[in-house]
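For reference, the structure discussed in these notes is given below.
By letter and in written order, the chains are A, B, C, D and E; residue numbering begins at 1 in each of them.
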């Protein structure tokens, strides 16, 4: 693992589940991780360090949004990695860092969340969720929940590299928009995770909550873009 | 071998033959390796790791298509390297990794498959196959099969670098289209390999099968292009 | 800390306060550090070395303006880092160097100064100052001084990376212009620092002095830009 | 010597002469080395390895043309380095590798061949040859042969870097075209080498032979360009 | 000092003075060093090696002009570094190499020559020379000679980085043209050095000599540009 360092500062019980999602289509995984951290009241227990991501940090509702933060929900024994930064060019190293994390905490399983391109544009149609794993138990479980396997697809980014390195992890793919945060897709994934992990999530306010997190992420991203533009302008000053 | 790491996780008999092909003209070598893996029922026994290839993974017919996978047909004692990813800028290191693989498994010989540009555009004309090797036994054998030596040509990519590093390997070049998957050329190579290695391939369904694999590769590539475009779009989001 | 080296050549008392600011919006932090160095009669005690910043040095009023200099006000036991150079691409390493400095001198606290974008264009409106820290004592103290917490924002550059690495530091953000030195914002920060650190700064000439340093910085930057342009022109000469 | 590795696999007598030429103006040195290898019936005895040259290999008349090959004419005790690849960005390392080769084989002298820009466009005018060396014996010898010293000039590429590192080597410069293989200039250099080294070259067929090698090099280069273009086209496929 | 290596092959007396100048405004320092080497009959005693400068060497009046050469005038005990190559991107390392040289030879002092932008365009007006040093003895001495301190300025390139690293060196700045060799400015610096170091330079032919060296440098640079253009053209050939 060159260029990415794992830091853990909290205590973790045996065999936790690790849920990770890097900003992809519809930013589904970022919205999902935000939702889970909030719902499960997960606490920060670590982060990934790398000098290869942009020097950009968001503050939202008075809290620092770490670019690559690791949270822990003790009761449910779930680790959640929330990524908000672009990890362009370090995807292979980040995937390796996820496996190192799993090794270190003796993780029970890794669940990876990803959006996939979709033809759906109508808001009303419910997005489909697909799974991938070469672990038979997981396959069976996902079928029971009613998911279909992802038979065809091109997976880019950290999810792609993790797919190459750890095929028996659980990969969940949800149809989503490619170029805007998609709370509907995120809500659908949360329903699936609820069934898969028995999280007892209250379904009714789910979409509103996902909407709220979509708004939060959208807000951070819009400001982020503006900040980056201003930074570039500023840098033309000197040197 | 800097930047490329070889991983082998299966058992291999003494002195296997190694067939390798990196995506080149007409993607002939990728189609050929797909065909052989299917026909010989070869199993994954390793892969090449490098952080220098794009973070893109294909899933096809429910299976992960590793970017640089190594398969093994035990009965025929043949190792097949199937490359689907661009190895742009690491060609010299990849060729070295192939030699390291050959050393490690005590390989009998390396057979390299490559397409070469051709003037043929008519579907009906059968593409010609050329060989290169500076090993006299191989030369004799290829002549017996009816191939002509490649006397003039410029070979780019991994095949080029392997040609520089290991001249007594067996290099097979088939005329093919430069800018689209070419199943006809692949089928022709398979016929040659059948004769050279006595693989007992059923000739009749050969072209149909090669067509099928051409379709598969074409499909993966088309989706890959789209995914890369969407990834780039997405990355303009943040940082 | 790869690529950035800390050098200290002066003696420092126990538990100094460290004030740092890298050129950001309105160059507030550079103006502030200039002001403090002058007002507290701080002496050079070190610098940061890196080959990754541009080879550009300013001479002003007969003195070399180091790109990344460390000053020390012995009486007040305050270390001031004054940065004039762009640290583009080494922000993470610079933040780490700041923490290393703090460790080495057993620093009491780090205070980070940053400008943030603002809608204000009228000269008369007083810029607001916000704080961030996850240290409760500091939060309380800043509230007493009358500051509001920064609840929403995107922080770029060294301040952003320091925010990621050391959340219990004291971060001060002042509304400022994005694309020109802003003495008003700097003066406002100095008032806040005066209250926070009891520096006994004479308020009356404050704005004039800040104006003077604004002029100095503006002057250096304007000449810097010109010098860089001439350097580039010259380099087209040979090689 | 970072990034360039010397491999020697043949036996070499004491104190050989080393002739080297990298593709420069008129590709004179490449044509010359081709001619000498053919005329002296030199055999491959080594090569330079580097991952920093393009992955492109030519096959010509059924033989692999190594990008950076070392040949040896045993009877005449002459080592010939034939370079066909661009060594852009590794010129300093390549020059060092030449010196290491000289050290390793206890070389008697290094002779470097280079084309220099010329105003001559008429085919009939015979190109002039200049020399450079700070070794008095060589100077005397070159004067006897009728050459003039190169008093003014800018030497780029490996010859330039070798000139910096080993001033007592023998440098031969011939007027040649900058942008097309120039057999006339090459023939002229061969005449000079013949006199300087007493090679007993049959003058009559010299120009025809040089023409032949010009044709060969031109052919390889034309195909090379086409291959590179096709490679780039192909690479837009995937990743 | 990463990437730059110092080589010394001559004998040097104790505590020499080191004069260095890298090609800057008006190429003053290069002209000055040329003049001094000629006038003091200085001999080559070393050079700086780096693979990071362009592979371009000039031959002038039958002599190789090293890109980064070190000369020694034994009688006057003066070391002169003459730089003709662009050291773009290695300025910090070169400055460190200068300090290492000074350490190694137990140098008495470093004198750095640099041109600074000027409004003067009329040939008749005499350019002014400024100094910088934080060493009191040097300051006093320069005042006696009639120089003014450089109070304001932006110094780019190696002189800038040396200014950051060694403030008690002697820095001389002369007003000069930014985009053409300026012999007048060079002559003025030589007058100052003559007074400062008591070199007994014959004033009368000074300007003519400086003019001659201006012509030499101009000539080398013009040819250099042309050579670089031709090199780039040539490189489009292959790979």
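By definition in this document, contacts are C-beta pairs under 8 Å (C-beta built on N, C-alpha and C of every residue); 3 or more make two chains touch, one makes a residue touch a chain.
The shown structure was predicted, so the numbers you read here are calculated from the model rather than taken from an experiment.
Considering every other chain in turn, the ones in contact with both chain C and chain D prove to be E. Where chain B touches chain D, the two copies mostly use different residue numbers: shared numbers make up under half of all numbers in play.
We define each chain's centre as the mean of its Cα atoms; on that basis chain A and chain B are separated by 35 Å.
Separating the centre of chain B from that of chain C, both taken as means of CA atoms, is a distance of 57 Å. With touch defined as above, residues shared between interfaces to two or more other chains in chain A number as follows: 54, 56, 220, 224, 228.
The cyclic arrangement of chains, read from chain A in the direction of chain B, is A, B, D, E, C. Chain B meets chain D in the complex at residues 2, 23-25, 27, 53-54, 56, 84-86, 88, 91-93, 117, 132, 134, 149-158, 160-161, 163-164, 167, 178-179, 220-221, 224-225, 228. Interface residues of chain D, counted against chain B in their complex, comprise 47, 50-51, 54-62, 64, 66-67, 219-220, 223-224, 226-228, 230-231, 233-235, 237-239.
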